[in-house]
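Chain nomenclature is as follows: A, B and C, assigned in order of appearance, with residue numbering initiated at 1 for each chain independently.
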Amino acid sequence: MDVLASLADGFAVALTWQNLGLALIGCFLGTIIGALPGLGPSNGVAILIPLAFTLGLPATPALILLTSVYYGAMYGGRISSILLNIPGDEPALMTTLDGYPMTQQGKAGEALALSGIASFVGAFFATWGLVFLAPQLVKVALLFGPAEYFALFTLAFATLGGIAARNQAKAVIAAALGLGIAMVGVDHQTGVPRLTFGEIHLYEGIHFLIAIVGLFAISEVLLFLEHAKGEAPEASATKLNRITAPLSMLKKTAGAMGRSTIVGFIAGVLPGAGASLGSFVSYTMEKRISDKDGTFGKGDPRGVAAPEAGNNAAAGGALVPMLALGVPGSGTTAVLLAMLMALNITPGPLLFTQQPDVVWGLIAALFIGNIMLLLLNVPMVGIFVRVLQVPTKYLMPAVAMIAFVGIYGLSGSTFDLLVMIGFGVGGYVLRKLDVPLVPVILGILLGNEMEKNMRRALTISDGEYSILWGSPIAITIWVLAIVGFVAPVLIGRFLRPKKDVTVSP
Amino acid sequence: MSDRILGGTCLVLALLYIYFATQIRVGFISDPMGPKAFPIAIGVVLALGSLYTLLRPDPEPVWPKLGRLGEIVFAVVVMVAYTYALPEFGFIISTTFAAGFLSWRLGATPFAAAIAGVGIALGIFVVFRLILKLSLAIGPWGF
Amino acid sequence: MRKLAAAGAATLFAAIAFTGQAFSFEPKQTECVAPANAGGGWDFTCRQVGKALYDLKIVPGPVQVTNLAGGGGGVAFAEVVAKRNTNNDLIVAASSATTTRLAQGAFPGANQDQVRWIGTVGADYGVIAVSKDSPINTLPELFEKVKADPKSVSFAGGSAVGGWDHLKVLIAAKEAGIDDARTIKYVAFEGGGEAVTQLLGGHVQAFTGDISETKGFVDSGDLKVLAVLSEERLPGEFADFPTAREQGIDAVGANWRGFYAPGGMSDEAYDFWVNAVKTTYESDEWKQIMATNGLMPLARFGDEFDAFIAKQVADTEALSREIGILQ
């Protein structure tokens, strides 16, 4: 087969000692970057571009280094989500929902091992998808216009009911706060600043990383300060039973991994959707399908496996439009794309035929990097969990300082740091009042996209609303949203006898 | 009571938000939907969620004692001071003080906290500046 | 400590003695401010020029790139004016987006005379394109269609309304005899790449962007370039594209990339940087980078660049006022 022969050539390109070394360095640095709050895949890759420049690497090795960092960061984000309840970056957000409860139950080792395997499964099959399906998938991605994207983002919001919250009204408040924050900044479709109060720092809006780090990391530090010196807030479960995932757990989560890989990959391929949407929809869909006993949000292993398989599959999927169309589907691929151009490579429809060495070398490197990451991550679970044994009085200051450094390094702006502290205080208050934080971030991440696509669609149709359900794809997504998510909530509310669902966790 | 305050605050916030949204200056060129509709809709959703919370609050959460609350306020003040100190005194010195302070307030002895402050500052400097080449704040002495 | 100081003084003297013949200014720790997050266009301008400056031994050490994001470049502009006005070792990446925003008053309280303009390192010319299946073959045909039925053509571009991609269409439309800018349907996307895919998917009818964004799709035959907004035909592989001018629509739009420096920079330092950027621009290494990035020649340095900026700001301001973006 043609494709397999090309792939074999790719392995011939990638399998040199230098390239393997670069992949190893990339995977290692990427994992660390992913785990540190405030540094995610996109700024991780951006940070390491100068390194590739200074080493004077030619195209293929440079790409191998940076894509290893990319995949590594996607793996690494889960570590702080699971251990500290602080998402290392935005795709790892959903992993906090069940990962941290597992840690509280003393199952941090299992959660880390399982999520490592789920990440591998997602990334591995997504890379195969990239090999075989890229040209066909690109055609599908082109069918997505503003109306279809609007439907897709609305679907994502419709699944919000699936996120664990004891009080749905508070989830609504949280999402609305996030959406409200998303509106700040210069409006793209008219060019006027909105809700900026003349503050030039707000013209570009509020970066979601600032919100994530403030809401999760800084507020966590404040929560710890609440308790008297030396006294731990909750019996932090440092007893670690095991550092591998038992076979029964893998069996139980296999279905979740498989489904999430497919969902995540599709979300990744759509240039307007991205990795965070992939992990988000994977989680809520899995909850809808398999959460029969209401264990999601309380440390269900499937709730860890699903978003991790989903976001790593999305990371692989996002490379499809980047390579085949030259269109970045996420912040990270935007940076990689800029790097490609700087290396004299023009991504686009002809890349696969004009520069097969680069493409297949890169794909081979993805396989190699992925296997390296699995080998690196599973034995290292034992080291990662040691983080929990660091007393909070030393761990939390370090977390706070890393948060500051991550944000400052991204934008060099004092203003951003103040906004982050503001989010920290807000996050603390919201946590105390049992308002879930995840919908806030989702509002910030998805709100803009939802509005922009709706307005783009309406601009194209001259204000005719029917364009929003004017294509088979759009209709399919709407039906999915209504049947899968809106209807069950309504029917459930209707059928369930009126009782307070406020059971203590 | 806390939930009622939350609901009330968010309701006021929602109304303010809707007011500010209506004040958005629409330019000469506008799309059919305009820049105001979406923010107004969000304000309405926020108001509805707030009303529900205002009328049907959850049980009261456990708030920390006043002393501990002061601790939190003080930590926030330190973080703000840290933010302003960064460009003035550079990364290492500012971070040593901020991290040391937080460590002390989280229960370390002053001596251990000082060591922790220096260790955290140097550790981050090595990893982020020397290995990852991230631009950290540079003070008058170049670090 | 004393030893260190002595060593430092010695190197300093050596450095002055060594370079005394060429320039009275010797750069120390040079810095390039990218007014955007890492990974964006300005970031790359800084990194690539910074690398070339070091490789060509124009500066003594690697150029430190600092990201100072916010306000579409406005935060960096304000910071340089307010806090680093006399720094001699500092340059800031800029492009047409900078002058567009200056002209439209999007940097509150700022104007182009507050900084010193150094020079360009190339330009990316504007293009207007349609998909390969489109029945439209020339730029006048496209605007005829817009005139006949404004609702039938949506333009997709990568900048916000009032931004550079939008202005290019408006400049061309005005030259083609369309006076009311509001009749042009413009849909803003995140970057040129996304706009192109929307065109290929058939969701919009025309694309406005820069030539570097379209290269891959023109090569594959998916895109039909109706016009390049350059004075004359571009060199090399782009020579097949007709200019708007030769089709009777006198519209030119070049997205230049270059640098400015703090307003209080000494004349010696300013001369040094003008010369440094010029030397880089003329080097073979840079020509290679330009070719790979789809950058076209555009050489303006020192006073000439200053005049160029003044004209561009004035032109953009007049245009923005005329079409109603600026009131």
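Throughout what follows, a contact is a pair of C-beta atoms (placed from the backbone, for glycine too) under 8 Å apart; a residue touches a chain by one contact, two chains touch by 3 or more.
Just so it is clear, the model here is predicted, and its values are computed rather than measured.
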item: Smallest number of contact steps required from chain B to reach chain C; value: 1
item: Pair with more cross-chain C-beta pairs in contact, given A-B and A-C; value: A-B
item: Averaged-CA centre spacing for the pair chain C and chain B, given as whole angstrom; value: 35
item: Centre distance in Å when chain A and chain B are each reduced to the mean of their C-alpha atoms; value: 22
item: Whole-Å gap between the CA centroids of chain A and chain C; value: 32
item: Contacts with two or more other chains, residues of chain B listed in rising order; value: 27, 29, 135
item: Multi-chain contact residues (two or more partners), chain A; value: 47, 50, 187, 189-191, 409, 412, 459, 462
item: Overlap residues in chain C, where contacts from two or more other chains coincide; value: 65-67, 161-162, 325
item: Interfacial residue positions of chain C with respect to chain A in the complex; value: 37-41, 43-44, 47-48, 51, 62, 65-72, 74-75, 78, 106-108, 151, 154, 160-163, 185-189, 191, 193-194, 196-198, 200-204, 212, 215-217, 219-220, 222, 289, 292-293, 325
item: List of chain A residues in touch with chain B within their complex; value: 29, 32-33, 47-48, 50-51, 166-167, 169-170, 172-173, 175-177, 179-180, 183, 187, 189-192, 194-195, 218, 221-222, 224-231, 391-394, 396-398, 400-402, 404-405, 408-409, 412, 414, 417-418, 421, 424-425, 428, 432-435, 447, 451, 454-455, 458-459, 462-463, 502
item: Complex contact set, residues of chain A against chain C; value: 42-43, 45-47, 49-50, 53-54, 141-146, 186-191, 198, 200-201, 203-204, 207, 271-272, 321, 325-328, 331, 334-335, 337-338, 341-344, 346-351, 409-413, 415-416, 452, 456, 459-460, 462
item: Residue ranges of chain B touching chain A (in the complex, touch as defined); value: 2-3, 6, 10, 14, 17, 20-21, 24-27, 29-35, 38-39, 42-43, 45-46, 48-50, 52-53, 56, 58-59, 61, 63-64, 68-69, 71-72, 75-76, 79-80, 82-84, 86-87, 91, 95, 98-100, 102-103, 105-108, 113, 116-117, 120-121, 123-124, 127-128, 131-137
item: Residues on chain B engaged by chain C in the complex (per definition of touch); value: 27-29, 135
